[in-house]
Amino acid sequence: MSLHPQAEQRIRDSFSRQQALTLIGASLVAVREGEIEVALPYRPEVTQQHGFVHGGVVGMIADVACGYAALSLMPEGAAVLTAEYKINLMAPAKGERLVAIGRVVRRGRKLMVCLGEVFAEEGGKRKQVALMTASMMVLDAESGLRD
Amino acid sequence: MSLHPQAEQRIRDSFSRQQALTLIGASLVAVREGEIEVALPYRPEVTQQHGFVHGGVVGMIADVACGYAALSLMPEGAAVLTAEYKINLMAPAKGERLVAIGRVVRRGRKLMVCLGEVFAEEGGKRKQVALMTASMMVLDAESGLRD
Amino acid sequence: MSLHPQAEQRIRDSFSRQQALTLIGASLVAVREGEIEVALPYRPEVTQQHGFVHGGVVGMIADVACGYAALSLMPEGAAVLTAEYKINLMAPAKGERLVAIGRVVRRGRKLMVCLGEVFAEEGGKRKQVALMTASMMVLDAESGLRD
Amino acid sequence: MSLHPQAEQRIRDSFSRQQALTLIGASLVAVREGEIEVALPYRPEVTQQHGFVHGGVVGMIADVACGYAALSLMPEGAAVLTAEYKINLMAPAKGERLVAIGRVVRRGRKLMVCLGEVFAEEGGKRKQVALMTASMMVLDAESGLRD
């Protein structure tokens, strides 16, 4: 389901404040209620020693997609913080671009459990390269953090 | 235990071929048999929306420390590939620099299990900010990959 | 897709040799290619201190469903061994019975990556209570193990 | 550090209410502040198809050791619930008995992060067979649960 424009703006604003995402070249491609899509074009700057996109970078975009999927379901004033994530790297991350899709599978008041999938796109085809599960903490206004 | 200079060089060469590590500003600070230390000075470019070092970047340096800890125990000609990792982010990653220590806890022929710990340093003090466990695959020469 | 009767028998035989599964009262309810379903009726004997099914028991049936999903895709003579699993317990496991569904998401020659989901059934309704990802090792005949 | 006798009794009482632990034959062998030890003698009833202790049972005792390590640091009236755990099974669990040691590595107000290690004992020797990391939720009295 699509989000209220204001709620979408909240996520886009938060995303743009993440300098680490600018550094790797990630962008938000879709914002839905409880589901977020993040893209990363292939660039030599994000590769590991064998020329694939670094597993840590793959983890980063999956974590971000999961985190904003969780934030999209949180009340205004709350902030999201990753408590933990686990990623299985199933195939070398190579191709024209990577797409990470994060989805909330359990909407808790204090913790949200998310599933993240990362796909490599090449010549119009998609291949899954990673699978993540993550726990996102819901912080309230007292934390001093936002979004 | 310290590594044979040739074995250490193999790891330093592989590390320097990882463009993603240059991008985030990580460096190798210690190479021992089965144990590797990676440092990352704080820079605004690697932060998330609240000004902490991005959890994905924290995961990246822990993954790298674990991966090279595993490679340090592999026969020449073998290559290391991360099969999976899981990270618990225990405290906001802030400070002057982060240090990730990766250590092999189980040396298998096909899989090595590693433990990674990430510390934030500030004013001469160290605080643990993350805990990782990871499985590293040992690829033989047939894989076409090296180191 | 349904399995060849001989392949299904191989899984049923292996399952029935697992005394730990008899102990907790688990049974195989569906065997498909790359997808297995395991059921566990509620019994006080498998509960933790608050009266829910123990999280370790929930993990056990999800691990078993994932393991046999992997074995269903392995050549004859191979054996399956769990390398690692991670489980998010999303809601208290209570109800008339639990059903764990394991599915292979990445079929590798040496490692298979599986996704497991556990549901609690009560009054004809299903609620997801846990989410697992797991790595299953493919052992060849040299290991001395089978199935 | 040793616990106050009342605090130790709280853990022993909770442990003895876990019927699943009686079923598998687990017992509490040490209760310290933030660190718990659980033992499981080898019995055919807890094995998998190859005669090793079932990976799910290994996960169960590690989860329990971690959970009570967390509870030992919680205020009276609070309850512990496992949010997630991940386990790497590093070697077949065989021997005379297993010992799981759980330790709190991060004491948070809402979440405690624990490290669990499982050892197999045989002929006076100990071998590590599994490594766990886990997140334990701290539930307050409003949850309606205790210990």
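Here the chain labels run A, B, C and D in written order, and each chain numbers its own residues starting at 1.
The working rule: a contact is a pair of C-beta atoms (placed from the backbone, for glycine too) under 8 Å apart; a residue touches a chain by one contact, two chains touch by 3 or more.
This is a predicted model, so every value here is computed, not measured.
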Longest centre-to-centre distance from subunit B, chain (CA-based): C
Pair joined by the larger number of C-beta contacts - A-C, A-B: A-B
Subunit A and subunit D, separation of their C-alpha mean positions in angstrom: 32
Between subunit C and subunit A, distance of the C-alpha-averaged centres to the nearest whole Å: 29
Whole-Å gap separating subunit A and subunit B, where each centre is the average of the chain's CA atoms: 22
Set of subunit A residues in contact with two or more other chains: 83-84, 86, 88, 133, 135
Subunit A partner contacts - residues on subunit D that touch it in the complex: 83-84, 86, 110-111, 113, 133, 135, 137
Contact footprint of subunit B on subunit D as seen in their complex: 86, 88, 90-91, 105-106, 108, 113, 115, 128, 131, 133, 135
Interfacial residue positions of subunit D with respect to subunit C in the complex: 14-15, 17-24, 44-50, 53-57, 59-61, 63-64, 79, 81-89, 92, 145, 147
